[in-house]
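Each of the two complexes below includes chain A, the first together with chain B, the second together with chain C.
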Partner chain A sequence: MSGSHGPAARLYRPGTSAVHRLPAHCKLVAVLAFVLTVVATPREAVWAFGAYAAFLACVAAVARLPAGFVLRRLVIEVPFVAFAFLLPFIATGPRVEWLGLSLSESGLWGAWNILAKGTLGVAASVLLAATTELRQVLLGLQRLRLPPLLVQIASFMLRYADVIADELTRMRIARESRGFTARGPRHWSVLAKTAGALFIRCYERGERVHLAMLSRGYDGGMPVIDRLTAGGAQWARAAALPVPALVVCVLGWTL
Partner chain B sequence: MDPVTRPDPAPGQAPSLDVSGLAYAYPDGHQALFGVDLTVGRGERVALLGPNGAGKTTLVLHLNGILTPGAGTVRVAGTPVVKDTLPEVRRRVGIVFQDPDDQLFMPTVREDVAFGPANAGLRGPELERCVSRALDRVGMAGYADRPPHHLSFGQRRRVAVATVLAMDPEILVLDEPSANLDPAARRELAEILLSLDLTVLMVTHDLPYALELCPRAVVLSEGVIAADGPTPDLLADEALLRAHRLELPFGFDPRTTRR
Partner chain C sequence: MHVPDGFLDAPVSVATGVVAAGAVAVSLRGARRELDERTAPLAGLVAAFIFAVQMLNFPVAAGTSGHLLGGALATVLVGPYTAVLCLAVVLLMQGLLFADGGLTALGTNITVMGVVTALVALLVFHGLLRVLPRRGGARVPVAVATFAAALVSVPASAIAFTGLYAIGGTADVSLGRVFAAMVGVHVLIGIGEAVITTATVGAVLAVRPDLVRAARSFTRPALVIRGGSGAVTPTPAPEPAAAPARPLRPLWLGGLGVAVVLAAFVSFYASAEPDGLERVATDEGIAEEARAHDLADSPLADYGVRDVDNARLSTGLAGAAGVAVTLAAGSAVFLAVRRRPGGADDATTGTSGRRETVAP
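Right after this comes the complex of A and B.
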């Protein structure tokens, strides 16, 4: 009825490419291995990061994701790397002059390190999210034996995010219909009470959902209905990202 | 309307639901039920009417052992509802809750309908068949892979019915099935409920809906069964309705709607 498209729907880009078709748990393992490899690379091996970016670009091309789509989603990283831009100014040690600014050399390397590794990690995750439905990601996590409680919590978040957002919207409309607009700190108490009311409503809904689950025989575990399976060929295809990355990483340490 | 039929249980065949002397007080001391006696024969469709706060939901939560009686017993098809029988009882009593968003908690319709039978141990093609049969019965077979929050309210209510049909219940218990439905969705649900060959207990304020679907009605008021009889007779008894805060919609006369 709401027909809303939550954050999940905006991240995913439907398709039928080879990347889309890989089982979710293969992709999860590939992304995790890739990120670990990137993080393990020495920051001085600048060329290695270029190679990693090129690998990701290849994946994006195979998945037929437009560059603009991926770049726009990278913006999410900005708040997290803001600190990186401060590093050259506040770090100590030998300094270099640039455009009249005095920058710390180790700070510059530190900033580069965070920026490069962060961006590559986020880009890999964006590719994963764009080619894998969230539902499949959860099934993948389940397949990888993540503790079932965590998977259940995540799948309930996926199911109820829109319901709760709708509830919040209705509360906002009700507030505004009675002439309320948040204009300053004096109104924060109203917003805080809204948050409290939303929490109580969610809590009560949680209790009702639990009743409904008990009524259908819930005993603490979700029955595994869809079991993901992957053959050797699919694992091999998933390895096409992390294995070359590992080679680059080893070269970065030895060269 | 059909005359009220209370099929005599065949020898060895217990009524679908047998509640006797059921009393219950909440932990905070509030007593909700004071000795409820109710028998629903196999294949009967019974409306449970009553004002807000009469204890209807409390009664419903006893039927599959979510609440444990303070006194009295509940039997489902002869099986007493006690701790050891809970898995069996919960399979046999299908409760459709009022808000389908509470009932549909899985990411897709198919998984949600599969939840109950999978808990009962079904797997593989057998489970698939069970799910598609249940969805077929409510006319939602084409929506198996949709997430529940992309369905209309009426569709969600129908899927909620399918989730309990999939467990092949002895008795279907509906809590306010017509709440929040538009007239077309209300009629569609009525058609589905009439097409099911099942024992039905329907909790509702919607008296015309009760008249349409249930030959027999019981009034629960202040924690006891205050009246029990053919629905048209109960709805024609103005004094009874008034005494228990039940009202017919404006312009609705149960005597002229007999079919």
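Right after this comes the complex of A and C.
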């Protein structure tokens, strides 16, 4: 998996910083706690979201992630940014005048709420994915007592995502080298046949993978070779993100 | 499509998280029944398939294109439990690694896009398959049932989202508008999804009919042993036939009838009150009349309702509650049927008796 070059591998940015070296399950817990704290913050406490963004910027700086890399990855949230910009116009409630536009007050707050919390959530996920190897994420999930079968399914999915994506690319090249360009719904049946063929190839590959595993002694569970462990110091370092965030959240409710 | 962080409030996020965890736990047990000990590699590869097929672009018109959501497709191809597992894993990985969909909204995403889609697709598919004439091979009935399942499952998941939004939305958008916009857009998406899903299932059915799990009842293997002297011995059916499925037919018909009535009510509600009408009603002061009408037959009539928006809220809530109750009842019936001793596998696909054909 480490040698792959598909969509999943581009997320990780190798490094040796303190953030990279933290055990994956500590990072998972920290990110989850941070995002929960952000979502629980009242939206009127505008300064609190600035503080959260500053915390994340600190983490990115410690991990030596370039700002451009993180910002480019944030583009994924464009669809719901569009929705957030619509909110002030379609929401109900008292309206305010701004530059000649009649905007709903609660809609403005709603848009701010979604933009701020959504962006912080995406940024936290981006930081996690950029500093943690895929395999480590899976080991971390296993360490956090996610059902082993679920972790196995996820690991097979990630391991073969690039293989299957390559298969899809080869099918596209085969289609195009025969002069096919999909231009509209008239061509859907061809693309659907591609999807059907892809499913059959995936399923049959799954059967072959299972047989190959059986012949290597698979008995329903994967051996855990490198068990993740974390000492108190590492947990304390991981807590450096969510604990200040919790303080800010409490302040946001009380102030 | 994915719900981001901060879209729904904390209680709703936690509640849907619990629902999603329960559904995944049930699916983990169910998937072992669907795939036995091959669960991990096969479900993993099917999850990779869903992940990849969402990257396959279907051009619509004028430079826009859409992609398959895959919930109904997975349900028809690999069965509901494996489908829920695969969708949950795909959503988990998208949330954790690709930042697609919020981490706190993970439960919401799994519930709305995984569980609701799979359940609705399952009920519609098998409900229709019970009713459709079964003569003439698997192609036509499976195509019709797949089309309906994919078509209904997409707006159903939009309705489920609107229901959640009604309870825990963080912005005051009039619920009628959210509902109309969500259902309107998703009916269109559902049509595309239905066309593509039907064609995909048809393609699989043509090559490997045994891989379309929901159509198993049509493709019982007709295995025979041919002796050296030309003697032909039919093999015993792999599993004993289930109890006769006849008594279930009225039940299925009834359930389908309820679903159709509900869908009719929901679509009437959606089309009878377009956005413009609401605006007009408020502007012209006829909201009072509208209130009386709306509440006359609303099951939630005791709620304090002050204007059209709230009336719509109560009706919408009632609608969402109705859908939820129907889904719960339907799945309870399904589970009860499934659990019958001795008929564990046949009950899902509804084979009535074995079919053995002996080649001459």
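One rule holds in what follows: the second predicted complex is superposed on the first by the 249 of 255 C-alpha atoms of A that agree within 3 Å, B and C clash if a C-alpha of one lies under 4 Å from a C-alpha of the other, contacts with A are read in each partner's own complex, and residues count from 1 in each chain.
Just so we're on the same page, a residue touches a chain if its C-beta (ideal position, glycine included) is under 8 Å from a C-beta of that chain, and two chains touch if they have at least 3 such contacts.
Here the structure is a predicted model, which means the values were calculated and not measured.
Contact with chain B, but none with chain C, is seen for A:Asp226 once the two complexes are overlaid on the shared chain. In the overlay built on the shared chain, the residue A:Arg205 is in contact with chain B and with chain C. In the superposed model, A:Arg135 lies in contact with chain B only, and not with chain C.
Measured by the number of chain A residues touched, the leading partner among chain B and chain C is C. Shared-chain residue A:Gly217: touches chain B; no touch with chain C.
Of the two partner chains placed by superposition, A:Leu71 touches none, neither chain B nor chain C. In the superposition on chain A, contact of A:Ser155 is made with both chain B and chain C. When both complexes are overlaid on chain A, the residue A:Ala236 reaches neither chain B nor chain C. With the contact threshold set out at the top, residues 155-156, 158-160, 163, 205, 209, 213 of chain A are in contact with chain B in one structure and with chain C in the other.
Touching chain A in their complex are the following residues of chain B: 61, 64, 66, 87, 90-91, 93, 95, 97, 99, 101-108, 111, 114-116, 118-120, 127, 147-153, 156, 163-164, 167.
Against chain A, in their complex, chain C makes its touches with residues 1, 4-7, 10, 13, 24-25, 28, 31-32, 37-49, 51-53, 55-61, 68, 73, 77, 85-86, 88-90, 92-93, 95-100, 102-104, 170-174, 177, 192, 195-196, 198-204, 207-208, 211, 309. Contact residues on chain A toward chain C in their complex (touch as defined above): 8, 11, 28, 31-32, 35-36, 38-40, 43, 73, 76-77, 79-80, 87, 90-93, 104, 106-107, 109-111, 113-114, 116-118, 120-126, 128-129, 134, 137, 147, 149-150, 152-161, 163-165, 167-168, 182-185, 187-189, 191-200, 202-203, 205-207, 209-210, 213, 220. Of all residues in chain A, those touching chain B in their complex are 1-4, 135, 138, 155-156, 158-160, 162-163, 205, 208-209, 211-219, 222-223, 225-226.
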